[in-house]
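A, B, C and D are the chain letters, set down in written order, and residue numbers restart from 1 in every chain.
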Amino acid sequence: MSMKKRKEPAVIYSQEKIAEGIYSLWIKTSFAGEARPGQFLGVYINNDAKLLARPISICDVNKEEGLLRMVYRTAGEGTKELASYEPGTEIQVLGVLGNGYESALDTDDLNKALGDKKVIVIGGGIGIPPMLLTAKALDKEPEIVLGYSNGDLFLEDEFEDVGNLHIATVDGSVGTKGTVIDAIKEDEIEGDVIFACGPMTMLKAIKQYARENGMKAYISLEERMACGIGACLGCVCRTVNKDHHTHVNNTRICVEGPIFDAEDVDI
Amino acid sequence: MSMKKRKEPAVIYSQEKIAEGIYSLWIKTSFAGEARPGQFLGVYINNDAKLLARPISICDVNKEEGLLRMVYRTAGEGTKELASYEPGTEIQVLGVLGNGYESALDTDDLNKALGDKKVIVIGGGIGIPPMLLTAKALDKEPEIVLGYSNGDLFLEDEFEDVGNLHIATVDGSVGTKGTVIDAIKEDEIEGDVIFACGPMTMLKAIKQYARENGMKAYISLEERMACGIGACLGCVCRTVNKDHHTHVNNTRICVEGPIFDAEDVDI
Amino acid sequence: MNTSVNIAGVELKNPVMTASGTFGSGMEYADMVDLNKLGAVVTKGVSDKAWEGNPTPRVAEVTGGMLNAIGLQNPGIDVFIERDIPFLKKYDTKIIVNVCGHSVEEYLNVVERLADQPIDMMEINVSCPNVKQGALQFGQDPKVLEEVTKEIKAHAKQPVIMKLSPNVTSIKDMALAAEAGGADAISLINTLIGMKIDIYRKKFVLANKTGGFSGPAVKPVAVRMVYEASHAVKIPVIGMGGIATGEDAVEFLMAGATAVSVGTANFAEPKSTEKVIKGIEDYMISQKIDDIKDIVRL
Amino acid sequence: MNTSVNIAGVELKNPVMTASGTFGSGMEYADMVDLNKLGAVVTKGVSDKAWEGNPTPRVAEVTGGMLNAIGLQNPGIDVFIERDIPFLKKYDTKIIVNVCGHSVEEYLNVVERLADQPIDMMEINVSCPNVKQGALQFGQDPKVLEEVTKEIKAHAKQPVIMKLSPNVTSIKDMALAAEAGGADAISLINTLIGMKIDIYRKKFVLANKTGGFSGPAVKPVAVRMVYEASHAVKIPVIGMGGIATGEDAVEFLMAGATAVSVGTANFAEPKSTEKVIKGIEDYMISQKIDDIKDIVRL
């Protein structure tokens, strides 16, 4: 299944603003056939002044049509420029990057590896999009907990179709007032394994919660990247044990991650 | 008539390849109403890595429609990028730049200043385009001499409509074999004043020819520019006398030129 | 909102000035920029006699920046006093005259001619990479820099800004030398030394072979040097090098600059100075900062 | 067409190598680049013991380039000898090992461990701006550089390339010092020192505050320094700094380099090295040059 990494042109199929500062982008790309949940692409900006690829998670794929979806926030200048591209625009994409959940769980078949374990899928803020492909990949409908800052929700209806949806908002405008952990407690959500992506504070809280409740947590980490393929050592994360490749307590998020067993990384 | 210089967006109205590596570009711009023969614009490239405006002469205008035409050669990366823009693309333009013939002749009305003097309009290579607006501005049909390197002509039919056309090609495939000077001699073209734009070797030969034949020659000079408005002193040309502004024997092509009396500049 | 800053006793209405050599004496930009809005206009370098500058080509474009080898062409201090200072006096902005010379004597000639002129400060260019003699040498050796600064301070009637070259191993040492020599402020960076070759014509793009490299491409070096210099000295630092937006300017202020200059960006966008001023104000509003002095210094 | 070049007796099939630290040990790029096509692979810096490097964030983007403060994280010479050299030996390319250390002793430990290894050359990084101790100091003082070079040459079994820092007042003096110390070749430029500040988070973008600045934005400085260095010394010069195309590479050759390295461009386009090789060949064809040695030197 694992194909060679490569940089390729892709064509923007559609682009839509789905919430304040949040865009849903479908591209036509050969990577659609290879993408696994938890992986990401390196998206280059059509601007010679901006050299580096932006790491963006894969949110969804349509293998038949060769389409791949990314949902991103306009964080800085690069993503703002990306948001201005019209359908038909050609962009350069490096893919497929990262290990994904299967690799993090050391398995060829996520569902087999999970057996009858109950999965809680958690996404916070711009960590929500990658959880869609993840939730879709599961045989059994997971519990899904999404955390937003306010009522400007996005993707919630699509998650509703693939699992049992719970929502937390910081301002309390929808669902539980508070964090995803508050929602888990309030809604008495139970499970054996957590798959999560979101801000560092959320991931730390999840690691703690999982530990206290005897659960496994697989979390998706972020770091600034230059190469995206393991060569530059830009994107490392501290690890509990020595990393097999680097031989120090640092692991490369772009190749050994972004998905990690929360107990392996020092966050 | 002289309006304030300014940088403004303009929209590409049409763009067409009219010879190998030569493009004809019409833009919709307020500068169309102000442009005088011999002037140029500073065209910015939509690329943060390329900061400086490309100086491109005004080839033609359609005042009623607010359209302005530039014909340019894809010399380097900037003009290559420009050639890739589709109609509808917005570009940034600095204008109107340079003195033009009227200012070089110190007159408000070119035709009045010329009286019954006979004008020879000469263009060589990519120096041909600006001569179209110049030839069109003249009341009396000028003699027009265009020099190309080979039979891949451009704009020749449009010049045919505004004057008495003579052609020279270096390889002899059309018209006189040789330079514009060869064509002038071969076709026994006579006149009192020369208006010329083209490569430096051609301009030097014209200066020499005009001097020997008691003619006045106004030539259009080129130099690398940064500001385009006289502030950086990047674009100077050696002058015979001290320049009134710089107080040395250097004059700024972007404001005191690009049109000069050939006898004033040290080429 | 208060955006005024004070440099050596001179109160600027805002911290944004023009970088020497990129704005003439303001005249050429006056059509497009309201000079009354600027903190100060820093003029093109002026010497005691007229200078012809270097042969052309004098400018070249590079990725995110440009090279220049103007060679400090200028009409000399007499014309300058007669024409440029009176022009600038018509505006409600501060006037900073940039001074160049081949020798200490030439600098002093200009400094002394400026003594009775209605200018607010002078900036001494000891860092131009484009003239063979003088200039750059003064700016690459701390001992020489300290001496030159002392000499100039002994003769100058207005506050003196020493403009530093980035083409040095230790910008900290240079900043300390200028301070030790008595400079009222320092400004940096002048241009990096760069080169571009036209591989098809098989020659240097600039007639002078090398040129001064400026524009957004040099900003990371400039921010670093402004940080190092401002953390080494107590006198105010004027930061420049690649500033094109208000955000760039704030970056320099956070690095420790008291004021900033906008250079090459003027060529890319003639209204850059005004845009930078507006951008700083926007930043202050968004961050709820009332006084520019309250922008965090790192 | 002949594109081979000779550096200190080592014949490279073409002048294009990878720049240390941007290509790992080739392993990560082997999917995308045919390593057999490269003149040489220059490895990430290796030290006597494993180094953890700096805290993150370690990289940042700037106009036309990037900053890095990796801090020379590496698994140490033992792992390197066991894993990376055997990997590279499978390919028909030359192997140049980049060496780093905090002290002369640490450099020598690595140099000695390499003595019996099947590598072609070593490149000594005395110019990394991202480690507090050692490294950069060696590369900013000509006397120290000459001494270090002598020491290393006394112990090295393979030809030694000294890699110079651009953060110096006179690159010529540094080049001469390396030559005087007996270096077989010099390579330059390592990264300029830069800084970027996040004005909204109000902190440095890099955890290390400053970082090494590389990419197309630094090319004008690199070309100038390669020109100055190669015109000062007789030993071969390996040029780098912003090379992304064959035309860029030719520019360095014209400036006086014998070979070139491609660094940051690999991140923007993983196939950059191959593209540069192809681009040089295209240039030679277009200019009717049969032997790369006939490319004009300015």
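To be clear about the criterion, contacts are C-beta pairs under 8 Å (C-beta built on N, C-alpha and C of every residue); 3 or more make two chains touch, one makes a residue touch a chain.
All values reported here derive from a predicted model rather than from experimental measurement.
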Third chains touching both chain C and chain A: B, D
So the centre of each chain is just the mean of its C-alpha atoms; given that, what is the distance between chain A and chain B in Å? 56
How many Å are there between the centre of chain B and the centre of chain C, using C-alpha atoms for each centre? 35
Whole-Å distance, chain C centre to chain D centre, using C-alpha means? 34
Using Cα averages as centroids, what's the distance between chain B and chain D in whole Å? 47
If I count partner chains per residue in chain B, which residues reach a count of at least 2? 48-50
Among chain C residues, those touching two or more other chains are 63-65, 216
Could you draw the chains as nodes, link the ones that touch, and say if you get a line, ring, star, complete or other? complete
Tell me, which parts of chain C touch chain B in their complex? 21-24, 28-29, 31-32, 44, 50-53, 56-61, 63-66, 68, 70, 73, 75-76, 79, 215-216, 264, 266-271
Report the residues of chain B in contact with chain C in the complex, numbered from low to high. 4-7, 44, 48-53, 78, 94, 223-237, 245-250, 255
Chain B contact footprint on chain A (complex, rising order): 47-50
So, in the complex, the side of chain C touching chain D is made of residues 62-65, 67, 140, 167-169, 192-197, 199-200, 202-204, 209-210, 213, 216-221, 223-224, 227, 242, 247, 250-251, 254-255, 283, 287, 296, 298
Chain D residues touching chain B - in the complex, by the definition given at the top: 63-64, 216
